[in-house]
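Here come two complexes built around chain A, the first alongside chain B, the second alongside chain C.
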Partner chain A sequence: MPQSAEKVLDHAKLFHEPEYQEMLARKRDTFECPASAEAVEAQREYTKTWGYREKNLAREAAVINPAKACQPLGAVFAAAGFEKTMSFVHGSQGCVAYYRSHLSRHFKEPASAVSSSMTEDAAVFGGLNNMIDGLANTYSLYEPKMIAVSTTCMAEVIGDDLKSFIQNAKKKGSVPEEYDVPFAHTPAFVGSHVDGYDNMIKGVLDHFWAGKERKAGDTINIIPGFDGFCVGNNREYKRILDLMGVKYTLIQDASDQFDTPSDGHFRMYSGGTTLADTEAALNAKATVSLQAWCTRKTLDYIGETGQETASFHYPLGVAATDELLMKISALAGVAIPEQLTLERGRLIDAMADSQAYLHGKKYAIFGDPDFVQAMARFVMETGGEPTHCLATNGTKAWEEEMRTLLASSPFGGDAKVWGGKDLWALRSLMLTEPVDFLIGSSYGKYLERDTGTPLIRLTFPIFDRHHHHRFPLVGYQGGLRLLTTILDKVFDKLDRDSEVPAKTDISFDLTR
Partner chain B sequence: MSLDYENDGALHEKVIEEVLSAYPDKFAKRRKKHLSVAKGAEEGATGAEGEDGQVLSECDVKSNIKSIPGVMTVRGCAYAGSKGVVWGPIKDMVHISHGPVGCGQYSWSQRRNYYVGTTGIDTFVTMQVTSDFQERDIVFGGDKKLTKVIDELEQMFPLSHGITIQSECPIGLIGDDIEAVAKKKTKEIDKTIVPVRCEGFRGVSQSLGHHIANDTIRDWVLDKKDNAFEAGPYDVNVIGDYNIGGDAWASRILLEEIGLRVVGNWSGDATLGEIERSPKAKLNLIHCYRSMNYICRHMEEKYGIAWMEYNFFGPSQIAVSLRKIAKHFGPEIEAKAEAVIEKYKPLVDAVIAKYRPRLEGKSVMLYVGGLRPRHVITAYEDLGMEIAGTGYEFAHSDDYQRTGHYVRKGTLIYDDVTGYELEKFIERIRPDLVGSGIKEKYPVQKMGIPFRQMHSWDYSGPYHGYDGFAIFARDMDLAINNPVWGLFDPPWKKDEAPLLQAAE
Partner chain C sequence: MLKDKVKALFDEPACGVNQAKSEKDRKAGCSKPLTPGAAAGGCAFDGAKIALQPVTDAAHLIHGPLACEGNSWDNRGSGSSGSDLWRRSFTTDLTELDIVTGQGEKKLYRGIREIAQRFAPAAVFVYSTCVTALIGDDIDAVCKHASAKYGLPVIPVNGAGFVGSKNLGNKIAGQALLDHVIGTVEPDDVGPTDIVILGEFNLAGEFWQVKPLFDRLGIRVRACVPGDARYAEIAGAHTARATMVVCSTALVGLARQMTERWGIPYFEGSFYGVLDTSESLRQVARLLVARGAPDDLIARTEALVTEEESRVAARLDPYREKLAGKRVLLNTGGVKSWSVVAALMEIGMEIVGTSVKKSTPEDRERIKILMREDPHMFESMAPRDLYKMLADGEADIMLSGGRTQFIALKAKTPWLDINQERVHPYAGYDGMVELVKQIDLALHNPMWAQVRAPAPWDEDGNLIETVVALAAATSPSPLQGEVKESAVEAAQPDDSFAARHRKKFSESRVENSDPEYLARHRKKFAKTDADDMGEC
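== the complex of A and B ==
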């Protein structure tokens, strides 16, 4: 009997025990009708070939292991960045259970959102009554200061019109007439979660700004974009902006919402951009988006108000941070303080100390478009080569920008850009053109297993490691974390490759 | 091992009143029907006998009706019930999440249906395969795309034994004919292809998805292929064990030990072949009644296979169940069952000796789905713990009836509980442990109350069987007796020292 009270074995060890191994072999041989071991081995080998890769990359309809989610997830994340705001997703209720779970599994935090719980009758008659009842219930039970409405694909397919529905609900007294109910249509069959983010931010701004006269002031709006590292990153943005003495409004700040303390009380709402600040942001001098692909429509909309706009692709590493600081410095008319110059120097110092271990390393990078762009840039700054750059939600325009970026450095010479491709395609790419490291989300762990390439988890979602998102990756300080995370994997790999006593451990060096 | 306790029914009545007062009148009235306090018990009922024992209480509430909009229901949808629960674990088939990308993405690898196989070669459980609908598919229909998806999957995964089409919301709304595609492609590629109408807007919860999935197995798999197999006298199917964290394996090992052969496991670690051969078994053993009673009733009607509910959580129920199952097969198996119970007794005794003193008298609130809100109760009681409240996401009235065999008088019962209600219940009752899902975990822990996810076993498991019970006991202990719960109050605000027990 493998189990004992003294040393309880759970799944990680229990099923390795002979009793279970024998049972599973018996199951397979007697009952499963499996493919033969030879056929499995032959197919496994075949998937490593260029022939398989060709077919894999030629797929036009089947999507296998995509690295993207749907619009409403982005909208729910966006709404979480505003003061005491409840996300209300109009449509089927299962979707909302999924967004909440998805966000909770990454942040290890509560994720609140409600659904209008539409079912078959609503599919026939429309979901107006669900909106009327739903808003009333959310308002009384959860006492939010604002309810941000988005849609599941069900409501989009049947064509429910949020604007008129919300007006109707207000007339019926679900919420007071002057109560804030911004909305965004977020069809799951268009774009991805980064577009849902974009649509919700635009919806919120339009709700507060529409019909108002802009009086140009001197603050700068900063929109961080969809960011699973918002907890660490937003605080780092704020620290930098405070150091620079800039007057700013962070539009959409979920850093406190997804990082509430354990002190005996559950806070359904915490932090976020205040509604007053959101409204006043119309009068800003300029708006800076830190993730351009997350804010395409929003920036166009803001541009139309007469504000200056600027956008970046997630400020990872040296040059990207330099550019951001210089732009903010120019927009706000402030100098870049000595403190930040010092931090820059420290990051460069660290990079110089470690350059020998990074120079010439090859990477596969996947994630959202802005992340991949930023990461490829940082990798090249360390002398690495971003061999495969893949974004399932990357567009043709993204591919173009990526090619320009890669062409700007000798380290990007052999790199390829894969917009719209999924992680099953990346499997073929990595098996035919191997790399040293894989950078992405937890979904990459299957690629790590199948290709033997160590995975460095640096982007959303990270389900199987804890708390990474609490530390910033952006700016010079964040750059240190980024650098160290990559280096840890490099050194761990060196150690793993040299740990067999009397065989490979000649290189098991104490100092590296 | 049985416990004798009664809950504070009066307090629970009061708490129900309190939460209802927060709703607009119309909805307070509707929610009231879903909340109750278990009434009256039969004299001498012990609770150790589960659904075959005496009725302990009556805990009837309204169930299986639509959730109220805007209240933060915990429920999922029909797609989750079909793809996520019933079909998804079948390992040698490719399951297409047919529609937009999200549903498949959020459910990807999240249910911990363990399996053995080479993923992407002969097994496909932890993969997310989707037709990734775009606007043009909504406008022009998705059947052509689906056809192409199937062709491409055939190229990518030639060793798969079949395909299922798991419909997401848009499919039923735009009038696609996935059945026609399935029929046509089945002929072309000579593999089982199953169209499933589990659009998320159907029904009121996951539950209809289970039912629809069961029906599609009936209509598209059973009796479709001649899967030769020599049946034996002790062949059984295990129905409704999804092998979460290896549950089905920890159960199978016991069934084999008492001399039975498990022909098919529905559906954790299952292959299509196992499902196809199931009608040849002598008895269906059903663990999750809620999600798979439909197919049991069908097999009973069509093939004359009897079915039997059992419970493999905790030693009391395992022993009761093993004896009940063995009785069906006669003295030889019964003798083996007794030997198995005897064999594991030292393990059970050691586990209880170690953990019961650390858990005795601790109160638990549960809110889960399927069978667990009742089935795990006796496992807790085996450890000396008491159940203060329990409820189901998607139960029907027959589930609440069965619950009466498990819960004591005064237990708080909540059906399709809302985020607001659950938070208030927990705040007022302050149990020593809450067992629920990922969405509930972090709010509860922030309140300073230990928590275990009871859908995924909080990434642990198995919890079934004797091997699983040891893990269950360890996990409940480590949740409750971790020192972190004593660190919540800063020393400059602290007024009493926490009571803790160091890990052993």
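== the complex of A and C ==
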């Protein structure tokens, strides 16, 4: 055998060894009744045709490779952005394990959340006892300052009522009467993680604000939205707001929770919006959402309190950042500092330096609605064409907004918007109408492999590359990172296409 | 001794400018005097190296401290269809101890030995540098000895940096070829249609767009120096029947001496622009026929030219609408200015300025004929003036070399590299289409709108009232609005303007094909100096 104690082969190499290759082939031939290589190849070729694309896009029943997660994931992420808050997901515990691993694999950090561990008897008799025991255990085991309750499908299907359950639990003494237990119903069969985020933020605000009188002040609330790059981005938002001298409260800030230092201390909780600030946020002058599709209900709710609200779509690139800064400047009555104007000029300078390499490039973009919208806009700023814009959790309203955006630039003329479509549909789109680059999450790597289109990882989840989320993408500074990430891929491709000695290396240039 | 050599190189009977000078001026040499304290171009070493470096199957060994080679390693985009040995970085990497103890020659000898044994190159070019020239290393002797010992040509190139400008380095390189290379190999397949092309660098592989034209005419390019050249081809170059000097006076001395020594006639031509490419093909055919090639070559050349010209015109058509009326500033130091001007005007672009720093009075007259209204000629323009012109929005795009790119970018003007660092081939008929395509791309990048627009707030960072209203609405942004506007303009050009332009220049094309005009036009390329070596 190729494996030996002296020289242990990693699995990436080991199974390429002839022994394994032979074994796998034998297994295939003996037990799997395989189709002939020609038949497999013919089928593969068939999936590249327009005929298959039409069938693929007409598909109604099965969803294949959806680019979205479920509501409770968004709720757990949202809760992680508040001071010493433990997520408590009412329902079956396997779901919670998924949210934790999902967040952990992306951020390379521990992600804590607990479940009420409902079982079959709970499904039959209701999950009240699980709530009562669960809250008591969470309270005593993990000593959170707040427990944020959301739900899995199981609890939603049997119709457990969180509000009364939590009241009952408090009466039974699970947690003190005055203890903070905000909640949100987050059925996975409705919407996606961006809605779960929305519901949880609304639940937290409602918990602190309900029944209170608003005394309008002069601070501004900022809600970042579901953002896998929150570590870098939230810190950039704060830097910009500090530079502008704005009084603000970031509502939901998971940047420290998902970026704790290795210094010998395990921090189950780190950073986040304080409960006091969350409560006081009622008195803010206005609330600005940085991802409109993540905060539809929340902003409606905040609007009802009498605050002014504004929303953006993830401020990537020059024009989008301009709009955000101007809105904040107008709301807070402060000037935009020279520092930011300089940063703006530098980003534009960088874009001008590299424009020839980006002009006319075609992209397929997938991800959450706000991200796709922002990315399409940035791509068009650089002279690229966002040929396929796909959001599995994109709604009809999103599609409409996207079309307006695309119509505003000649570079969006040929672009198409695909709300509700999955990545298997994107595969057909990319095989029939090829693009130069694919922008999305790690899940795009299968498309990269099948279509040969280089993948640029710029949105959650990024499982197979490390630390991208530590750098901001938003604002002018983030724009540089965004630009560089795209350019790196462009140049890597140029190099790869010109690296065969004496054959294609004529353009293997040192200077580009 | 060095002084005599340099003097001889500068006494160039084939150079019109040189001959027009007084005896005294000629002594001063033809390169621009070096100005201590002012920003300057490369040195003689750099000039010598770039002129020979594209010889692909040779090893280029730089004898000196590391940085001479370290800073210039692989900095040119010549294309090779074979060996990549020329891109390897070979240097003797002299240290302080080597210099103090005089180990330079030994180190050089060992360096040549190692290269000969490990890489078996077709030849080794050895370049001296300031340090090794100053300490008196006799590289001629070392090369001679090593050549005999290892049985391969080892050619000394005595162009230390302090000798003079980059252009002088080019001449020194040409002289080295003449002294040590050309005529050392006798090819066994000499034919009546063999030619040599001098001063063609095959940047971005562009000569490969031209060579098929010669192939179709049955003309064999015996050697193209230095782009994609093999050592043996250059060594047998003396058997060619005609020489074409592309762009650079740097090697015109070489061409003249090849005429004197082997009786090979030469002419100066260019592959930039449609008319120039056609005219160069015709000239080659004429020279060859005059020396005994079959007469039908001329007719076949005409047929090829006609076919290619109509094909290129058809391929340029789609750009006429998009580019008509766009204003171009050419700042490229003479060479490409005029060969490209005619073609850009042909598709309706407006030339708002071009550098004429190397043009003679007759040339200026021709410029006036070509441009009719408002010939905007300028001598070499100071960066400050260039910046002002661009910042004032007097041009839509600047075509230049990399040195002035940042002036354009900081002045918020699109820019296209048409010099040595470019990555697109612009030579020949296809090259013209490529150039126009690249201009189109550069001009219509949407980010220029953002580059040009000021930050949408005032200088103190306070919001401007009109913008506040716009900012309140989420989309489209004011910037996007602008992009859209300019695009609409591009999609629906002012027909009357384009038409006016075409009319305006419709006659100049007739004049451009006037042989007398072209003959003088050709002369313009003879005025190239140091900065343009390898940039054409």
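In this section, the second predicted complex is superposed on the first by the 505 of 512 C-alpha atoms of A that agree within 3 Å, B and C clash if a C-alpha of one lies under 4 Å from a C-alpha of the other, contacts with A are read in each partner's own complex, and residues count from 1 in each chain.
Assume a contact is a pair of C-beta atoms (placed from the backbone, for glycine too) under 8 Å apart; a residue touches a chain by one contact, two chains touch by 3 or more.
Values in this document were obtained by computation on a predicted structure and should not be read as measured data.
**Student:** Could you say whether A:Phe77 touches chain B, chain C, both of them, or neither, answering first, second, both or neither?
**Tutor:** Neither: A:Phe77 stays clear of chain B and chain C.
**Student:** Going by the contact rule set out at the top, does A:Phe371 touch chain B (first), chain C (second), both, or neither?
**Tutor:** Touch status of A:Phe371: no partner.
**Student:** Could you look at A:Ser507 and tell me whether it touches chain B, chain C, both or neither (first, second, both, neither)?
**Tutor:** second
**Student:** Name the chain, either chain B or chain C, that contacts more residues of chain A.
**Tutor:** When the residues of chain A touched by each partner are counted, B comes out ahead.
**Student:** Per the contact definition in the header, classify A:Phe471: touching chain B only (first), chain C only (second), both, or neither.
**Tutor:** A:Phe471 contacts neither chain B nor chain C.
**Student:** Do any residues of chain A touch both chain B and chain C, and if so, which are they?
**Tutor:** In the superposed arrangement, which is not itself an observed complex, chain A uses no residue for both chain B and chain C.
**Student:** With touch defined as at the start, can you tell me which chain A residues reach chain C in the complex?
**Tutor:** Listed in rising order, the residues are 311-313, 318-320, 322-323, 325-327, 329-330, 335-338, 340-341, 344-345, 348-349, 351-353, 355-356, 358-360, 377, 380-383, 401, 404-405, 408-411, 501-502, 505-507, 509-512.
**Student:** Sort out for me which residues of chain A touch chain B in the complex.
**Tutor:** Against chain B, chain A makes touches at 1-6, 8-11, 14-15, 19-20, 23-24, 27-28, 30-35, 39-40, 43-44, 47, 55-56, 59-66, 68-70, 72-73, 88, 91-95, 97-102, 104-105, 108-120, 122-123, 130-131, 133-138, 140-142, 152-154, 157-158, 187-190, 192, 260-268, 424, 427, 443, 446, 450.
**Student:** Help me check something: in the complex, which residues belonging to chain B touch chain A?
**Tutor:** Interface residues on chain B, with respect to chain A: 22-24, 27, 66-80, 92, 96, 99-103, 105-108, 110, 114, 116-122, 126-135, 137-138, 145-146, 148-149, 151-153, 155-156, 158-159, 161, 168-170, 172-174, 200-204, 206, 227, 245-246, 249-250, 252-253, 256, 261-264, 269, 271-274, 277, 343-344, 347, 350-351, 353-355, 418-420, 423, 437-439, 441-448, 460-462, 466-467, 470-471, 473-474, 484, 488-489.
**Student:** Write out the stretch or stretches of chain C touching chain A in their complex.
**Tutor:** 73-75, 77, 79-84, 204-205, 409-410, 412, 416, 421, 423, 438, 441-442, 444-448, 450-451, 455-457, 460-463, 467-468, 471-472, 474-477, 479-481, 483-484, 487-488, 490-491
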